[in-house]
Each structure stands twice: as structure tokens, then as C-alpha cells.
Amino acid sequence: MIQLSQKIAANVIQPRKSQSYKGTYGRVLIIGGNANLGGAVIMNAQAAVQSGAGLVTVATDFSNKTAIHARLPEAMVVDYHDHLADYIQKADVVLIGSGLGEEVDILKTCLKAVQENQIVIIDGSAITMMAEHNLDLPKAQVVLTPHQMEWQRLGEVAIADQSREDNNWEALVSFHPEPILVLKSNATQVYLEHELYQLSVGGPYQATGGMGDTLAGMIAGFTAQFHPLGPAVLSAVYCHSAIAAELSKSAYVTLPSKIAEAIPAYMNKLADMPLSATGLDEEQEE
Amino acid sequence: MIQLSQKIAANVIQPRKSQSYKGTYGRVLIIGGNANLGGAVIMNAQAAVQSGAGLVTVATDFSNKTAIHARLPEAMVVDYHDHLADYIQKADVVLIGSGLGEEVDILKTCLKAVQENQIVIIDGSAITMMAEHNLDLPKAQVVLTPHQMEWQRLGEVAIADQSREDNNWEALVSFHPEPILVLKSNATQVYLEHELYQLSVGGPYQATGGMGDTLAGMIAGFTAQFHPLGPAVLSAVYCHSAIAAELSKSAYVTLPSKIAEAIPAYMNKLADMPLSATGLDEEQEE
Amino acid sequence: MIQLSQKIAANVIQPRKSQSYKGTYGRVLIIGGNANLGGAVIMNAQAAVQSGAGLVTVATDFSNKTAIHARLPEAMVVDYHDHLADYIQKADVVLIGSGLGEEVDILKTCLKAVQENQIVIIDGSAITMMAEHNLDLPKAQVVLTPHQMEWQRLGEVAIADQSREDNNWEALVSFHPEPILVLKSNATQVYLEHELYQLSVGGPYQATGGMGDTLAGMIAGFTAQFHPLGPAVLSAVYCHSAIAAELSKSAYVTLPSKIAEAIPAYMNKLADMPLSATGLDEEQEE
Amino acid sequence: MIQLSQKIAANVIQPRKSQSYKGTYGRVLIIGGNANLGGAVIMNAQAAVQSGAGLVTVATDFSNKTAIHARLPEAMVVDYHDHLADYIQKADVVLIGSGLGEEVDILKTCLKAVQENQIVIIDGSAITMMAEHNLDLPKAQVVLTPHQMEWQRLGEVAIADQSREDNNWEALVSFHPEPILVLKSNATQVYLEHELYQLSVGGPYQATGGMGDTLAGMIAGFTAQFHPLGPAVLSAVYCHSAIAAELSKSAYVTLPSKIAEAIPAYMNKLADMPLSATGLDEEQEE
């Protein structure tokens, strides 16, 4: 097990190259937000935009359009009932599931449309629906971001058994292709290419609704611009909780939207950090 | 009579346990906001979310959806005309009445649906409707948050007579079960289990529309996460006015939405405070 | 001519009495905002709320509801096509005209419904419509807030002639009852009970759309809580430009919504100021 | 080639004259924002308002109204399907194209309606549509703000060939009247009256969606109030990236809406700057 450290996170966030443009930093498509749960995609999108994704489009129940634009004019908004496959085709990263409710047709359209070269982050109700409807993972680079109950449903590992690493690996190898698993709990873990990464920053000030939506948006934003995929996911997971930890010095709870606002400053700090300052010896196998 | 002190408030707000998740901090359902008064539930919800409730759902006239999400993506929004009883069943705390206007059917559905183990905070127009329609309190743990005129209507104690503690107790014992009474005025009092608590912080900078909606939202947020009920109510009442008092050092009026934004920092201060610093001897019977 | 000074403004803004509640600070009804000009009433309402009016209701084209609540949950919103006379009856101060466009029926309903004891502030397109439709002032305590072109229309004083005080007085005495005139220009003047007050703070950083809407909202907020009427108007006019002057130290233009946000801090400063510090000798007849 | 310097920018931003009013600073009409891309005109309008344009109106798909007002009450909003030519006639500056999608009829109406004395900024999808539909520039003072791909379409200069100044001049002289070209890239250039200006501030922290919408809005705001046209465009281009550079000291990405908020402070700094401090010798021919 490897402690997920600031060094791992900082290695990913390099100063941007001057010869670059917004296309360099990737196109993110966020699919989610039914008529009641539009807040989830707002939090997704805020996090993706603030993380520095090149272009962010939200495909959602169109009744969510005005609230999204009122908070975040940087995002484009489309109706997820129309031409969804076309929008998916143009994306580098697809994040599906936050606030999607029981819109299984949207999910099926997405799973069918994505292609091998695309990154697909599957979150929230999409995970539950995949379990309930017995849907296969798409042929793409998949990141799963379940909390423990959702992982019990999809991975068929009872919550009590999730504390044993082997059980989770066993479940993971049954998926094809094998996804990256971000297993959210009060001690979030990332299962990535035969290695388990343990998050050791963050705390119970994060135990509030929407926290996972912000994390999913950060993973989308990071994986759109940083390559390869694995370290980008690790960096997003670390930064999300590290920002919360900083905010918690002056906040009893750290709201998801406040974390999103603090992303650019935190990323800037890591990008500017000499590598020697990121705790070279902090990373330890256990 | 006991002075409602910082110590009482601080004793409630303990550092969170690391072994916790959002469900630990309770599900709040806010019911209110007719087509004209959506601002009231926005203020309710902002206060509940900023107080650290685990999950906050607003059941409202659905025309209020976009404004709620635009200000507060952390909240879920449902139409209070559809499946309200189902939403109530899933809640730990129900706050009903802010901006509810004359939607008596919504109120009746709520009163009928809530169960003994649930906390029900009855505010604003719900109090007036209970008096006008002669409705009984639900069989639940009830907190009433009337201002003086509303208490005159529901408790049948004339405003002039409310200054005598006995009159209010007499009215309270006629309710079954006996509720906690937060009697709002320029010297707000809490009647709780045979004891009267007197608020001695706050001031006329709070005399502005929406102040009570923010208080009700804080009570919902505090009672969802802190137990038992009584001290949680006391802590919310104290913190609400203490925050206003702090803001008033640089504001002629302290707007409800500004108070909401300041909640996490103030709670953090109290949670970090050594007990000896909270004024051990400040609490006095009179 | 009297220079409108900080002392005049500060004399009005007294510390609030502890024995007070939101009703003490008045009910403001803002009527305006057609389907295209909803921003005007948002700026009215923000200014009135931040000034400390007890309760603020906006009667507007109902398509403006969501934007108002998204910015300002403290305000109530009603459709100005329904029961407008009823809402007017409950108000202490009515502000009509910002962004009202050509909705002359709304204006006529208002002029007919207001009563002698009410304060009526007539702004923007309401002034133009009164001139075009030859409407009489209502029997109420009227404040007119035209810019120079609007005053040319209503007062029939050509802009070139407005620099001579006598011409404006002459026009004013032809109205019954005689209103207070706030004649907006780059050197705004207030004509009040046979005395001319000259604003000597503020500047061209205020020359931007919406500035007058914020001023009108402040006049509504001040006159709702401070009595008598005349000094309250003077104080609002002074504070509006004094805040802009402060903001201009770090802003090339001072946006109306930024001025609104700065009201509570500025009023607090004046309320806390010992009278001797407000420039006792600054006030001078010329 | 002339380096686009702070001095050039500062020379334009003079302290405002006290004898001025909002009309002095120009009327801007922003045309854009189809049903999915309303965020683009929000960013246009925020930038124009914050730059100090006298009056800003947005003509857009009317479904964007509420989000615009919720973020920016200072802007008026009209439906671009109704009476667009009338609104154009009243404008000093017309900005068309951000988020316009494929609304070619709107574009044609605009091109036909504008007149010689008006400034017309053509941005985003309007540029693409002009190329695709082979539309002529209007008889007006035209500013084109393409990114490299858009310039390839309209100017018929392949991206690889755009690095040679001559190719761009050759394309420009084929337009009548000859427009000002703001050619956006990671090294943005302005082609203005036989002179090429090279931007040397800014960086890859600006590579994010909406950056160009904010620039277009700033050009609209600057050209509405500063004359003559050429230096106003240069100043807007410089300030946009200079603000981003300042923000980048504490932000990994500099979001368009954050740049807009920082405009008034930056303009104030330049307006206050003694000319000798603006780098008199910094300007160099190469």
C-alpha cells in the first residue's frame, strides 16, 4: 500500500507549456443531473472548470440550464435527451452519473457510444444502475468512483469485506477492461494497476452532500489535461482532500462549492513547488 | 432562567469523529416556499447546509428550483406536490413553514406523515395555519419557532402577556407532546423541559426580513447532527445571534444570507475552543 | 444652497433601538422591471435590503422572479399584474418605475392606490410615462428621482435651464402636493422644502447603467426606517455617492451592485461616528 | 512589429471627465448566445460592464435571460428574434458572435443593419458563419477577433501560414473596409493600420473555455468609451492578458469570470499611473 502523498500529486501538476491552447487541456462532457438533482452537475462542472479542463460541456435535464449558467458561465449546457452520442464523440473525458437518478436510457446511450480512447468516469447513480441493470463496463479507460454502498452493489463486495484489499482486487479483475477504482469512504482508497493507494489527508469536515460530485469533477478536469490517466486520478483525489484539509482550519464543514473555488490556488501552489519540497521521503510502501 | 451562553453552545459543537460519513450528520427535509416566497427556503437551506447537515432536500413549489440551485448546488430540490410523504419518511429532521403561505394541504400531509422518532421544526406560516385550522401537533419531537404574533395565534397568549414566563408554560403544557418553544423577539427565549433559556447576544441589526428563516435552517442543521435535541436547539439559537453580533461590528444590518455564510467559521471556532475558554462561570440561574 | 455633507447623512443614521423588530424598519414595495428590464428591480431591491429596510417585496413581471431570488433571497416577489393595489396598501414606502418600460397600466394602478400617509418614490420610466400621459402626482409623500432628460419631460424645464435653481422651484410648486426632487446629474441636487442641497461627493466612475436604480433603492430603504422623510432622502443621496467615492479608490468604474454590497459597512461607520467627527463646520450656505 | 506594452494600454485609460454621464461611455449591444451557449454572452457582458461601458444590452435567445440577470443585473436583455435591427440602431458598439452557434439569420440581420459610424466586433461563430456563408463585412468600423482556426476559415490563411505577417496582411486588404484583426493564439497579435502589435504578456493559464468571450466583451467595453478605435482595441487586448498574468500568480488557471471581476481595479491602476511609470522606453520596433 502506498500513501497518497503531496509529492505524487505535485508530480502531475506541471507548469503549463506556453505553446498550448484550450484544446490541449481536453474536452470534458459531464452527463448527469435529472430534474431534481441539477446541483450535482453544477458541482461536477465547477470542479472541472476550476481544475483547468480546456472545455466543459454539461449534458443534463435541460431544466438545469439556467442554474448552471448563473453559477458557471464557462460551461456549455446541452439537453441529454438530444444527440447525446454526438456530444460524447467529441469528448476526451466523459463523466457520467452524478445526480442522474434512474435515467437508465441516458446511461445506456453513453455506455454504447464511448470508445476505447476515451476516459469514462462512472459516478453516483450510474454505478447503482449498472449494478441493478447488470450493465457491462464500456470498452474505454474507465474510472469508477463509488462510495462503499455503491461498491457493494456493483462490485458485490459487502461493505464489511471492503476493508480487505484482496476482496476488492478480486472484484476488479472480473471487469473487462479493468477499471481504476476510487473507493470513497472516510479513508478513501485508489486501486490502480495492481497497486493500492491510501489517502491520508482529509477528514470528517468533508462529510456533507455533494462532496463526491466535486471529487468526480476534479477527476474529470485532471484527467482531461494530465497524462497518463493513473497519476492524474491520484492527483485529483489527493488535491480534493488536501484543499478540504486547508479549508477546515477555518470551517467546521468544508462545502463542495468552496473546495471548487479553492482549486486554482492549490494547484498553483503545487505547480510552483520545487520537487524537493513535496516530501520526497514521505512516500512509503507498507 | 438560564442565560444562553457561549459555553452551552460550544458544549454541543464537538470535533467530528473521523469514523463518520454524511449519513452520520442527518437528512434534513425543508418544506416551504410557495410561488412567491421561494427566498425563505433558500435561506433555510443555506443555513442548514452551512451548519453541516449531511444531506439537505428542499420540497417546494417547483418554480423555485432554479434559484435554489443557482445559490446552493449542495441542496436537492423536489416538488412539494408530489410524493411528499415519501420524502418525509426518509428524513431525520423536517423543517416546515418558511414561506409556505397558505398551502394548508402541504402542511396537513406533513403533519400526518411524520413519525415519533423524527424531529419536526414548525416555522412561519405553518404556525399561523395550525392556529387558523386548529391543527394538532404531530406525534414527533416538535420544535416551534414562532415570533410573538405567531405565538399569540398558536399559543393563545396575547403578546402583552408573553413577558410572563408562566403564561407561556401554561400554553405549552396544553400541547401533546410538549414541544420545545423558541419564542422569537428582540430578546428571544427558549422554553425547554421546564427550563427557560434567555438569549443575551444579538441585537436590532438583526431586525430584517429573512432572519427567522436562517434561524430555522440552523436549528434544522444543528438538530440533524447534534444530539440530544434540546441542547442542539439552544446551540443553534445562540450561534445565530452570536454570528450576527460579530458581523454587526462592521455592518449596520446583518443580512440573513451573510449570517449563513459565516456559520462554518463560527462553529469551527467553538469546536476548537478549550472548554475553560467558553466562560465556565458565565451560566447563571436568575 | 447647502452642501450635502457627511454630517447631514450621519445625523440620520442613528444606532438602532434594542426594542425594535423588522416592522419598525418599514415595508418597502418596489414596482418595476418589465420582461426585459428585470435587472433594474434587482438593483433596487439589493440596495433597499442592504440599507436595512425591514421587509422588501418586488412587484414585477413574474419572469424576473428567479433572477431576483437567485441574487437576493431576502426579497419577496409578486406578479405586478395581480392584486397590485393590495400589495401597495400594505407598504410604507412604494418605489415605482425602475425598468418599468411602458407599462402605464401598472403605473396608473399604483398612482390610484397609494394614500396620503405613504411615501412614493417615482423613478425612471415612471417619470417619463407621467409626462407622456399627463398623469397627476398621487396624494402621498412624493419623491421624484429624475435624471436631467426625465426632468425636462416631467418638469418642462429644458436641460439648459435646469442649472438655474429658480426654474426648478417654479416647476416644483406647480405640483400638488409639492414633491421632493432628487435631480440626478454629475452634480446631483435635492430640492427639499424651499432649500437646495448640493451633492459634492461622487464622480464620473458612477457613470454606468443601473446607478440610478441603486440610488432609488437606497432612498426606499432609508425612508422606510428613518424619519422624517426629508433628511432620510438627503442621507441616502449622500451615502450612495460617498460609497462610490470610497470604491473608486480601487475601481475605474463603481458598479451599482458593488455599491449595494458596501452599504451596511458604510452605514455602520456613520452610525458609530461621534457627531463631532462628522465635520460640524462643513455645512455651509453659499 | 510593436510590442503591445503597458504604456500603450495606459495611454488610453485616462481619468474620466467630471462633466460626463453614462451616455458618454457608450451603448454596447451584445448579440449572441443561442439556447445552449448562453454562458458566452454572460462573459461578454460581464467584461463589457466591468470595463465601464455606459450601457450594455444583450440580445440573445431569451431562455438566457434569467441567468444573465442573476449574474449581472446591470445588463438589459432582449430577445434577438424581435426588433433586432432597432436595437442595433441605438448602439455605438455591436459585438456579435460569441455563442451564436449557427444562427445565420441573426448574423445577416446584424450585418445589414449596422451603419458606417458604428463599431462592429465580430467574434466566434459569427466569423465561422461569415466564411461558410460567404458573407461580406458590413460597412462599419469592423474588429475581427478570430482564433487561428477561425482566421483560417475567414481569411483563408492556413494556420501554418499565419506565422508570416505578410500572409495575414494580404488577406486583410482583400476585405472592404479593412478591419482591425485581433488574431488570438498563445501569442496574440493585432493587425491595425499597417502595423502589427505583438502581445507579450499572458500565458497558458488562459487556455480555458470562455477566455475569448471575455476578451471580446472587454474590446466592446473599451471601444465604447475610448476613442479612437485602434488604441482602444490595443488597450483592451493588453489589459485582458495583463490581468490574467496578475491572477496567475495565485491561480493555475485564470477563469474568464475572474478576469472580468478584476477589470475595474486594473484599469484604475493604469489610469492613476504617471505616464513615466508606464515604461516609456518599453515600446520597441523590431
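So that you can tell them apart, the chains are marked A, B, C and D in the order they are listed, and the count of residues begins at 1 in each.
Following the convention adopted for this analysis, a contact is a pair of C-beta atoms (placed from the backbone, for glycine too) under 8 Å apart; a residue touches a chain by one contact, two chains touch by 3 or more.
Remember, predicted model here, so these are calculated numbers, not experimental data.
S.K.: Pick same or different for copies subunit B and subunit C, depending on whether their interface residues overlap by over half.
M.R.: Mostly different residues form this interface, as fewer than half of the numbers used are common to both chains.
S.K.: Give the rotation angle, in degrees and rounded to the nearest 5, that superposes the C-alpha atoms of subunit C onto those of its identical copy subunit D.
M.R.: Subunit C sits rotated relative to subunit D by 90 degrees.
S.K.: So, comparing C-alpha centroids, which chain is the farthest one from subunit D?
M.R.: It is B.
S.K.: Taking the mean of the C-alpha atoms as each chain's centre, how many Å separate subunit B from subunit C?
M.R.: Chain centroid spacing, subunit B to subunit C, equals 35 Å.
S.K.: I'd like the Å distance between the centres of subunit A and subunit C, where a centre is the mean of that chain's Cα atoms.
M.R.: The computed centroid separation for subunit A versus subunit C comes out at 49 Å.
S.K.: At least two other chains touched by the same residue of subunit D: list those residues.
M.R.: Residue numbers touching two or more other chains: 66-67, 70.
S.K.: In their complex, what parts of subunit B are in touch with subunit A?
M.R.: 13, 16-22, 24-25, 49-56, 65-67, 69-70, 72-78, 263-265, 267-268, 271
S.K.: Inside the complex, what are the residues of subunit A that reach subunit B?
M.R.: Going by the criterion above, the answer is residues 36-40, 42-43, 46, 63-64, 66-67, 70-71, 147, 185-186, 203-205, 207-211, 248-257.
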